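Structures follow.
What follows is a pair of complexes built around subunit A, which joins subunit B in one and subunit C in the other.
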Partner chain A sequence: MSAEVDLAGRRSIGEALALRAALVRQGTRSVLVFRTDLFVGIVSTLLRVVLVLLVWQAVYGDRTTVSGIAREDAVGYAVLGALFAAAMQPFQFSSLRDRVRTGNVVFDIMRPVSLITQSTADQLGTTLASIPKAAVGLALALALGAVPGPSTAWQTVAFAVSSLLGLVIAIQCNLIVGLTAFWTTEVGGAYLVYNMAAAFCSGSLIPLWFMPDGLAGVLRALPFSAQIFTPLSIWFDRDAGWNVVGALALQVGWIVVLAFAAHLIWLRALRRTVINGG
Partner chain B sequence: MVETDATVVPASRPVPPGWVHQWWILMRTAVRSSIIYRGNLVLMILGSAALQGTQLLFIGVLLDRFGVIAGWSTAQIAFLYGLRLTAHGVGTCLFGQHQYTDFAVRLGEYDRFLLRPVHPLLQLLTRAFNLGTFGDLALGLGILVTAVTLAPIDWTPWLVVLTIAAVIGGGLVESGLQIGLSAFSFRLGSTRNVKVTVDNMFTDFGAYPLPVFGTAGIVALTVALPLAFVAYLPATVVLGKTAELLVPVWFAAAAPLAGPLLLWAGWAFFMRQSRHYESPGA
Partner chain C sequence: MSLIVADDLVKEFSRPVRAEGAFAGVRSLFSTKRVTNRAVDGVSLRIEPGEIVGYLGPNGAGKSTTIKMLTGVLVPTSGTVTVNGIVPWRDRSANARTIGAVFGQRTQLWLDLPLRDSFDVLAKLYGVGPVAYRRTLDEFVDLLDMGSFLDRPARNLSLGQRMRGDLVAAMLHEPPVLYLDEPTVGLDVVAKARIREFIRERNRTAGTTVLLTTHDIGDVEQLCDRVVIIDDGRTLFDGDLGALRRTYLPHRTLTVELSEPEPHGWSIDDVHHAGTRAHHEATLLDLHFDPGVVSTSEAISRTTATLPVADLTVREPELEEVITEIYTAREVRHVG
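For the complex of A and B:
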């Protein structure tokens, strides 16, 4: 490694990328190493698909449309939303929380890679580890006809891009909440509030279509809807056009804003670091 | 033989308090130590209320748009929901620490439990206190009381007893099941996914009348996962909706008894599996 590190301790771009990839892999492996967990995760995702499908079918009963939303779209959205939630918001998202509480964060700060990079890579890694179960769930949902296939090829691509952008936004939001640990030391509560707020506001539980107008307007203006509602509404958009490009642009905008916010918070957090002796 | 004038000294160690007293002492300590982080205290209670409140909001929006679900009115669903959430609060307040079994086993905290003169599982369950569980309990009771005033129920003393028994029994059903699942920590290392899955199933699908899930679903949620015993079975009796049951009415009325039974089974299984504990040497 030393050959590629210059006198200021900077690495070449290739090395920097390889390093990040290694950190992401570690995050993925830390989840996948527990094989039983993986198996249970897949079974539980499959169960969830079936149960969500049954609940929404029962809710619709004999009706074909409610609030202008067709039965297939509502059911499909609910199932796809559940899969997104399974992939993006696992209960224990960031390692930052435990590290700060136990004081081990001091070792992370001392390492030659910034804490932000370590934490983000770890989160990305653990999220990637949940893709197998989401994929199996999606396969079942498509097989059961619970989720209609996407309308056009370019919409499928836009959906994939939008999902990825949504994932980045989710990780950024997680990071910002994780950083509050530097102020409160124990961040479990903040995580719970955030987790639930995100689950509801992102539209993963219930589409924003069904929310009262005022609430839906507020939720659309928050970054949460860009995590899940935006990609899902691209999937179910019947006459998609330039509005899809607009939605993607808005997601990119959020990423820039959140990156800036996270950086500012991190600069302040570093001064608040409390290390428990020993 | 040397004569000594030492008299027989009575056991210098005082008799340890009984299990319940031990539990109470440890629990009080845990509560005290958990309220140290003031900022987190507030967030934790808010967080737990948010956790359950989101689900409530979800069902609220659903009922607002759709009215009746599987023949159950809004007030009746609220009763079912309140009953389950209160039971959940009772269970997590008393036994919630089972969720840290993985942690205690993997990092060797369990070593310490084995060294001390108190039952190891008792120590595990009182190792800390999750303040958020108060949020669950308060929200659950609030919804239950509201639903009782709204839902048409012909109260008899017997139904009051059944409702209270359901709250306690339901909490024990959940705890017993979770403690039983925690036992796998000794063998598998990580049980988080199983436990979170079961917990989510209870939270997300416990709020619906079971016929929503079809006959296969009802059987699965009664036999494979004892969700029906927590709130649905007693609720049908209290709300007079026993006509939709697949089991005899007496069975539904006796559902709270499953609580102590499952707790005993989970506890016994946990202790049995704990023989496989391997200290990580921490």
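For the complex of A and C:
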């Protein structure tokens, strides 16, 4: 029996991917199993699209541009931003918080795959579960003509890539906030603050275009804007060029930095782990 | 070499001091004072392959903390551990494949999903191949009689069903070492029996080494050859059940039903009066004697010569009494 256990735990790339896919699937299905929740989520996303549309149309009134931003771009941005927020900034990001509180995190730590991998896969799964509601919301937005299409085909591709990178960055930021639970046990407050900061700083509520120069400069230098503002600004860029490549490179840079930070924090957390309960 | 080797394990936790007096809640927030609490204080342990060891102690004795250090979840403040030659907290991945664990008060199952889904993912996590997975799962499901609820979400299961699920989850990769922290807590007698049977079966057929924490004397009596008792983070006793009884409660109890009222001022050499109680119409006397001092037959004949005996029974102290004695006395005595 024990002789069969491969202690080195070498896996082929295929096995490693299959394992991660299985973890992601568990995350997705853990959300989708609650059908009423899915239904309520879709209705609230549709409401959000309509409300954002109405508010921004009212803000523009009869004007065609404000601060140099065209009406259809601002309205389209606001609607897409709301959909991104619905998918990428859920109320509860990850089960890590509950797992630390209840002490069930003890099992995650004992497994042969690191808690970072498990937690990231779970969050990715949870996010994928919100794709249906975002898709329904997008369908409504397109039907209402609220979102103009991107200018060129390559911009569409760049937008898709950038959205994916943005999602990775969002997951990494959530993970880092979740990891602070190892120090504070309760991260409800940290999550609330982070939620508000992320909604504002990522540009999902108000495009960074409208912010005063100084503030916009600071926000662009934070990882939040790389989550949502970067992909959206690629979509609405009328004069896209090499700057798009720069934006994508900056996102990749953030991913590397955040991965490194998360890993460091995790190593420190392991050293001071306290498991709640007997 | 021993499978599990722990030497002088110490684990300290520090937490902020709670302020007292006015605005204690607010002042506690800003307190920088901390107190250190030593949960485990120099525990050494050696466990051989194939042993089932009961790890006992009152609540808060440091049992769970020890197990968390052995599993590699907690890093010891000082002292060393190796399990199967691996330092658990340093080489987590290799350690993970060597051990399985059930913490009765927690679960590693995905609660919202069917039990089977949790097993599928765990098999992938531990790199169990499809053939081995099917074989072990079939065997375990059969042994634990789980066929009827494999496809139900873990959240809907009864405690006994969920515990069986957690046991399978811990054993799917067939680890040589199994840690069980209160695996029968809150279960009914049938569920307990099933879990004990499974543990015994795995120990017999696969040679699984088991370290078991429990407050259930039945678990200890039916499973363990050896017990280690700790309190206040220190080892009080380490040996087999017979030695435990001999060390802590060396006497036997002679219960006598009297045929006439108890005579005044009786005494018997080497047999001591431990209590008198009424049972229906009769009066029962509990007498203690040490079989190392006086043989059982001699104690009986001395008793019948002195007292009007209608009926009499001899018994060894129950393990429960032994444990109660130890937890109450909380003092270190050496094995004779």
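The rule is simple: the second predicted complex is superposed on the first by the 270 of 278 C-alpha atoms of A that agree within 3 Å, B and C clash if a C-alpha of one lies under 4 Å from a C-alpha of the other, contacts with A are read in each partner's own complex, and residues count from 1 in each chain.
Keep this in mind: a contact is a pair of C-beta atoms (placed from the backbone, for glycine too) under 8 Å apart; a residue touches a chain by one contact, two chains touch by 3 or more.
The shown structure was predicted, so the numbers you read here are calculated from the model rather than taken from an experiment.
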| item | value |
| --- | --- |
| Touched partner set for A:F210, first subunit B, second subunit C, both or neither | first |
| Touched partner set for A:V59, first subunit B, second subunit C, both or neither | first |
| Contacts of A:T156 with subunit B and subunit C, given as first, second, both or neither | neither |
| Which of subunit B and subunit C A:G103 touches, first, second, both or neither | second |
| Contacts of A:R29 with subunit B and subunit C, given as first, second, both or neither | second |
| Subunit A residues contacted in one complex by subunit B, in the other by subunit C | 34 |
| Touch list for subunit B against partner subunit A, complex | 37, 39-48, 50-51, 53-55, 57-58, 61-62, 65-66, 69-70, 132, 184, 188-194, 196-197, 200-201, 204-205, 208, 212-214, 217 |
| Subunit A residues within the subunit B interface of the complex | 34, 36-38, 40-41, 43-44, 47-48, 51, 54-55, 58-61, 63, 66-67, 91-92, 183-193, 195-197, 199-200, 205-206, 210-211 |
| Complex contacts: residues of subunit A adjacent to subunit C | 1-2, 4-9, 11, 15, 18-19, 22-23, 26, 29-30, 33-34, 102-104, 106-107, 109-113, 270-271, 273-275, 277-278 |
| Complex contacts: residues of subunit C adjacent to subunit A | 13, 59-60, 64, 68, 71-75, 84, 86, 89, 92-94, 96-99, 101, 103, 105-108, 110, 112-113, 117, 120-121, 124-127, 132, 153, 173-176, 206-208 |
